[in-house]
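Supplied in structure tokens, the structure appears directly below.
The first chain written gets the first letter, and so on, giving A, B, C, D, E and F; residue counts start at 1 in each chain.
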Amino acid sequence: MNRILHEPVDASRVPRFAGRSTFMRLPAVDSAAGLDVALAGIPWDGGTTNRAGARHGPREVRNQSSLMRRGHHVTGTIPYELISVADLGDIEVQPIDLLAALAQIEAGIAAICAEGALPLSVGGDHLTTLPVLRAIHKADPSRGPLGLVQFDAHSDTNDTYFGNNPYTHGTPFRRAIEEGILDPKRIVQIGIRGSVYAADEHGWAHDQGIRIIYIEEFDRLGPAGVMAEVHRIMGDTPCYVTFDIDGIDPSMAPGTGTPEIGGFTTREAQAMLRGLAGLNIVGADVVEVSPPFDAGGITALTGATVLFELLCVIAAGIAARG
Amino acid sequence: MNRILHEPVDASRVPRFAGRSTFMRLPAVDSAAGLDVALAGIPWDGGTTNRAGARHGPREVRNQSSLMRRGHHVTGTIPYELISVADLGDIEVQPIDLLAALAQIEAGIAAICAEGALPLSVGGDHLTTLPVLRAIHKADPSRGPLGLVQFDAHSDTNDTYFGNNPYTHGTPFRRAIEEGILDPKRIVQIGIRGSVYAADEHGWAHDQGIRIIYIEEFDRLGPAGVMAEVHRIMGDTPCYVTFDIDGIDPSMAPGTGTPEIGGFTTREAQAMLRGLAGLNIVGADVVEVSPPFDAGGITALTGATVLFELLCVIAAGIAARG
Amino acid sequence: MNRILHEPVDASRVPRFAGRSTFMRLPAVDSAAGLDVALAGIPWDGGTTNRAGARHGPREVRNQSSLMRRGHHVTGTIPYELISVADLGDIEVQPIDLLAALAQIEAGIAAICAEGALPLSVGGDHLTTLPVLRAIHKADPSRGPLGLVQFDAHSDTNDTYFGNNPYTHGTPFRRAIEEGILDPKRIVQIGIRGSVYAADEHGWAHDQGIRIIYIEEFDRLGPAGVMAEVHRIMGDTPCYVTFDIDGIDPSMAPGTGTPEIGGFTTREAQAMLRGLAGLNIVGADVVEVSPPFDAGGITALTGATVLFELLCVIAAGIAARG
Amino acid sequence: MNRILHEPVDASRVPRFAGRSTFMRLPAVDSAAGLDVALAGIPWDGGTTNRAGARHGPREVRNQSSLMRRGHHVTGTIPYELISVADLGDIEVQPIDLLAALAQIEAGIAAICAEGALPLSVGGDHLTTLPVLRAIHKADPSRGPLGLVQFDAHSDTNDTYFGNNPYTHGTPFRRAIEEGILDPKRIVQIGIRGSVYAADEHGWAHDQGIRIIYIEEFDRLGPAGVMAEVHRIMGDTPCYVTFDIDGIDPSMAPGTGTPEIGGFTTREAQAMLRGLAGLNIVGADVVEVSPPFDAGGITALTGATVLFELLCVIAAGIAARG
Amino acid sequence: MNRILHEPVDASRVPRFAGRSTFMRLPAVDSAAGLDVALAGIPWDGGTTNRAGARHGPREVRNQSSLMRRGHHVTGTIPYELISVADLGDIEVQPIDLLAALAQIEAGIAAICAEGALPLSVGGDHLTTLPVLRAIHKADPSRGPLGLVQFDAHSDTNDTYFGNNPYTHGTPFRRAIEEGILDPKRIVQIGIRGSVYAADEHGWAHDQGIRIIYIEEFDRLGPAGVMAEVHRIMGDTPCYVTFDIDGIDPSMAPGTGTPEIGGFTTREAQAMLRGLAGLNIVGADVVEVSPPFDAGGITALTGATVLFELLCVIAAGIAARG
Amino acid sequence: MNRILHEPVDASRVPRFAGRSTFMRLPAVDSAAGLDVALAGIPWDGGTTNRAGARHGPREVRNQSSLMRRGHHVTGTIPYELISVADLGDIEVQPIDLLAALAQIEAGIAAICAEGALPLSVGGDHLTTLPVLRAIHKADPSRGPLGLVQFDAHSDTNDTYFGNNPYTHGTPFRRAIEEGILDPKRIVQIGIRGSVYAADEHGWAHDQGIRIIYIEEFDRLGPAGVMAEVHRIMGDTPCYVTFDIDGIDPSMAPGTGTPEIGGFTTREAQAMLRGLAGLNIVGADVVEVSPPFDAGGITALTGATVLFELLCVIAAGIAARG
């Protein structure tokens, strides 16, 4: 199929506060057909155990993404010249029935995969990543379990909450491992911190072989050291990148449901995101941007910039692999 | 059983911003035993179809209720001299599993009823009223279906949302009627307004015999006329009072999930609440206070004052009936 | 041409916080062809003499308009069943060159008129109404000067500001009268108040025959009396309706550039808007919603509801006139 | 002495957001010499029993007063053409030592009185009115005890707080009566409401002969009826006007320390303020504007407009009396 | 006496936004009897020379502390398994009479010490630390003057303010040295910065032998170097730890009365707090959290996390010393 | 002419929240006569392409500058003992006519230069720097083109916007180079980052010889390395210092029109500002502080502190050069 190279609305012609609010000011499309990368929102936070609000994330990340210009000032990448990418809108998902919602999200992502496009989504809480991974995995089971690069304050590998609820935003990666979607030995979690429920909180994760880089180790390794570790573990195997905005320090991303002080900075985050170059990325997301708890849109702006960094590295990867 | 008359912490000794945060600065108790009225929070908003946040309502209404003094400046009622009332804390309820949550809320209220106390709760979204009504009804089925005085911008008698979901904050009173808990001919809804899904949006409600007083009729009747209508319909039959904070104009109660401009004012609300005197009230609540969307705590303050008005009229009623 | 009846996205299927942000959740279209009414944003505030920000009005009014449902609860009007209406996006206009901006706005509205659609726009500051009026007038000069129903705290008939600047948001209606676009004897200004520059501040306006209904007279006449006066003056002649959000009390519309306390309420505003029924309306707008000065989106919500009221009365008028 | 008629900076030349921030954009002066009315700030809230912040009132009321224009749109009064008025700056007062602060405030006001100027001040909490009254009374004891027109949610005639503290913002008028400064039979309190400490909360006040017009009576009498009562009681005797911003409904004045819902509106307040015309006013103030609890400056704007209304009625009075 | 090991409410059973708001969700107790550590609030800011608001600190730190889980992710410490700790509520203290307030605070802390519990308090402004130190010192004068580890932007060793006021939040440590409570040679101040009143601003402090580590020296030494210096000076002598939240950069702790840009980060703060391990701590506090100036609760969250870090290091110390 | 050494109001006598709001609490003067340095506001943002609001910058920077004390805690500089400096108020400039505004700003600065004073101004958007540079250049053309030290996220050397508009806040330094006011080989831009319009976005700037230090190079060099580079390039030649607040990370300066995440910190900024010592500075400014987008005044506080740092280094320079 012919790829059409979509362009953002030009801000030197139409001001940034004007025009339709889409991701990166790209055209709004109704199908992923012909796209290399489909930008999609997942406005759902039914897995949230504490403060809800990430359901409003896609709208505000779209709004703030109007501040993004066309190209990357460090790598020189202009994604719109390399790949076909557009705003597919929001996955249709309702806030009342949790299991039905997971199915809706999976169906929405499956439709993207069916068109051969790579899903780059904006949550929603972190439980949304589970159905996204299910859809990507099912789209090509021959790839086997995926690797995962996870920027986050929390491991999200707990078992259950509030009795026996297996599905919350604190459990997605345990479920994905159990379901054979993720290879725990190719999971790297970066920025983990904060008080814990129990001394062996991460015992299960460690037992599975997950590589947890706590913020204290991050402090010693620096962004370059951390990304070297990521490349060592991931190599060229297919992997998914998930960026929980609460990995970043709450002074730079206050609008999130479970903030933990002492996180990495945006400067450090950007250095790491650029270090993803060369990985075999099959999908990515930015999650847990919660506008009702934001201050002046700064978290949504941070989320939009992370999204742009991911788009650039993915576009360069697609272009490089032909 | 011996009733103990609990007293709020005295603000001329301990400043209002100090001390434990409980409803009306009353003692925190762990059981409703010995209470005439049990103040309880229901921190749950799983039935919300739009903007969540009412789960944080009880905490902030408690905080703002520290501005309440002991007595009512118009009626002279000092509830703490008439009845035994205390803060029972929050009903234990989790945010993930909707049906389980409804059962938890019902169980919490049932425990209050079992002690012979009247439940006066603070939500939570309006779906919380359904399990509250179930518990009250089951506690004494001999009373038959209950009457309902509902202050609200919305009728909340829709059938289903998002496919076939029967339980959302837009459906509680339809369910309660279907379950035989409420007598539709003794339901008065006051302040209804806002755009509608369909021309016959309230057709079912009208067919059941619900008395809907739209804001335009309210404007003509005035608070006194409206309350005369309430007394005409309710007489001395047992009734429940539910106060959705979005009945009040959003300038005075912006912190709510589904605001509708053009509501009644707090002055009008207070006049109506005082007009409840003489009704046979078996329980009451204040719902839909959503702190993440509030401005400077004004909605929680309004909610706390409505709670105080309800407490005064209920206390006077209990005292009058002996 | 065949009119297509566009429908808003159904909120009982897709939640209000989800999906593309368009006026009333209507489809986004790129041309007014086939529309009866074109909803358009005018994101420009270059005429603002004090606090800017109305340039952000269209985006936030779109966001809040997702709270609107399909029909009007009082009149029963469902505009989407009567007329073809959609979201045309924003008029292309830049913030740097004032005179060029006025030309851009006029061109954008002219394109709507050329398709036979009625422009219903969201500003932007009040100077945007001048080029809108120019375009409507030029589209059919045979109608002669237009009447004007203006809801506002200010008369906006000053002569010049800051030396000899003839174009600011305090001067549009003086210019429009001078240009023969408006018939001053068919201008009614409702809600005027606030301190004045000079004792004869409104001398010129009075001399022209403008009917100024100050808030004090409004208080005496009430919404019904005021609208009777409007009908008396306007009759069946073609008129434009402009709603400056600062006409409403700043407690209900704080997000505006020049707030004046003591305004009319939203309940009063809604009563007046419904009283427009029967007028020969050739265009309308809502202006001066300034999100940077808003509190929790309440002003944008008020603006969106005013827009819906205008849409309903215009749709009913079009349907009635055939 | 020669009176110089000071003029505000012209906003059609210098924008409202520009230039020095003074009351009404009037010149800053260092002495009251030659002034008829001295505008002064009293940045002190050491008498506050709950939420502090009124210390920041003068600065923000100055900022928002830049929205005031020269003349009154109803009465036509342009105070700057009638009297000499300027911004004297803030009374020097420190926040640590309460008794010393009361002395500082009294000294500052005494200096104004010594120059023959009428003090029109902006607080500060309501305890600041006590030293102001002391100074005015001492400046001319021959006038005998003063009358008081008090717009307020609270009577402020309590005896002591927190043990035996006689000086808080809940006690000033009891002290002033005890000190012979105020004549209780010529005190009118308007808008009183809210829960009370005791059933006989206002017993002392009533015993003294204070005329308390609760908000419920206000609702019946209306602004005109209330002001008729004020004139009946006050006649031509010298009186002081104190406007506690919490008299106004908290939706219109949220930025205050002890908000009470159900207050009078700004439209009603303005009607009453205009009804002060003809009284023999010897001083006035606006108190309890607390910017840290404000929302977007609306309370400070309300305070600034009340100040302007007071200035107009005082200027007209001075001009009328020659 | 038997120590009872209190446990926080389990957040995997009761959500974090639910239940009573106590420090760390621990039980509320009315006496320090049987406790190793007593958590207490000191809601008082009468020593504040600029922006008040720290009186509201305890309530909001309690609210945000509900985000803390049971254990420390780096040290593995679970304080609730090592020591008996609970929430004693707020010290009773009134806002009007400064000297009486200092006595009230001292009495409240003395009661804790009398039970053999270590006081870990949350202010309140920094003057609250003076009466706390007085009480701790008096409880066991045999220990001699105490050492002090002070995290702060300001030295707080000024002499007087506003004339001769010796007691403000800028003077507590000068007073404590003069009173023989602190040994100036064992005082380390970390993070000091900001403009100064005079070139010799800290001359007195230096003369006393206080070790001031300005932020610039901190930048060179790093957290580890700074804490080495603390251990060198303090050794095993009894010391008090006071954490003024304004030591942290205002981007991470904006809610404070006297912010100074250029502070240390939360990551650096946490590294230092963990470096307190091994010190002989006899009490500690977190002060100057001022909710009215906070943004979205981030300062209170930072304060709550600092409190948790202090609790962990103190608990481990108590356990180690037996 | 005799220099008068002006002193700020003493905050140990008059609290910081009290008294007139001037830069650094210095006297307000009406002429630069006799001043070494004139502090002036430029309340204008007509060159803003995205979010306006910098017009409100001077007022809020004045407010927050009341937190500054007399001396610099690192260098010991007390500027008020070295030079004559005062607050000249705001340059008179209107918001409607862009070209006229540029002329007004130039005239205002020219008047300062004519008195032999150095202009230290607070914007306003970055286009204000162009007329400032014009005035300084014209005041002494014999100095030749000036050098420029620019702290900024953006190069601001674009050509045109929105068609052919040559004057926006994205173009001032291109214009200044074209006009021969700046020597591009002596321009250092520090902190540049963010997405770009085109791969060769900075091609023109590089071709001119501008030294762009992107944030990534800054990260490697550190503040000291960067300032060494500045001194190498600038030597003793006359230069202007312009500090766009968006150079600082948006967590520390959210109140700006075009935020870019990943900026330098305030600690790094202060280190660089102190490194300006020894340069031959002929003028300086702080721009793009936009209060409507600020959070709790933190950006204005940062701006005020940057202003103080600039004042100290300029005062020391003037004193050193005699």
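Heads up, the rule we're going with is that contacts are C-beta pairs under 8 Å (C-beta built on N, C-alpha and C of every residue); 3 or more make two chains touch, one makes a residue touch a chain.
To keep track of the chains, here are their UniProt names: A, B, C, D, E, F = Guanidinobutyrase.
This one's a predicted model, so the numbers in the text were calculated from it and none came from an experiment.
Novice: What shortest step count links chain B and chain F in the network of chain contacts?
Specialist: Minimum step count, chain B to chain F: 2.
Novice: In contact with chain C and with chain E at once: which chains are those? Just list them.
Specialist: Neighbours common to chain C and chain E are A, B, D, F.
Novice: Contact counts by the stated rule: is the higher one at E-F or D-F?
Specialist: E-F
Novice: Could you say what rotation angle superposes chain A on its sequence twin chain E, using C-alpha positions and rounding to the nearest 5°?
Specialist: Between chain A and chain E the superposing rotation measures out at 120 degrees.
Novice: If you average the CA coordinates per chain, which chain's centre is most distant from that of chain B?
Specialist: Centre of mass proxy via C-alpha means gives F as farthest from chain B.
Novice: Find the geometric centre of each of chain B and chain E from their Cα atoms only, then give the gap between the two centres in Å, rounded to an integer.
Specialist: 41
Novice: How many angstrom lie between the CA centroids of chain A and chain D, rounded to a whole number?
Specialist: Chain centroid spacing, chain A to chain D, equals 56 Å.
Novice: What residues in chain F touch two or more of the other chains?
Specialist: 13, 15, 17, 49, 51, 55-56, 94-95, 161-163, 249, 251, 293, 295
Novice: Identify every two-chain combination in which the chains touch.
Specialist: Those chain pairs satisfying the definition are A-B, A-C, A-E, A-F, B-C, B-D, B-E, C-D, C-F, D-E, D-F, E-F.
Novice: Give every residue of chain E touching chain F within the complex, in rising order.
Specialist: Touching chain F: residues 49-51, 158, 160-163, 192-199, 201, 214-216, 219, 249-251, 254-255, 258-263, 293-295 of chain E.
Novice: Can you check the complex and tell me which residues of chain E touch chain A?
Specialist: Result: residues 11-13, 15-17, 67-74, 76, 78, 249, 251-252, 265-267, 269-270, 295-296, 298, 301-302, 305, 308 of chain E touch chain A.
Novice: Spell out the residues on chain C that touch chain A in their complex, using ranges where they run on.
Specialist: Per the touch definition, chain C meets chain A at residues 13-15, 17-22, 28, 41, 43, 55-56, 58-59, 62-63, 89-90, 92-95.
Novice: Of all residues in chain F, which touch chain C in the complex?
Specialist: Counting only chain F, the residues touching chain C are 45-49, 51-53, 55-56, 94-98, 100, 161-163, 165, 167-168, 292-293.
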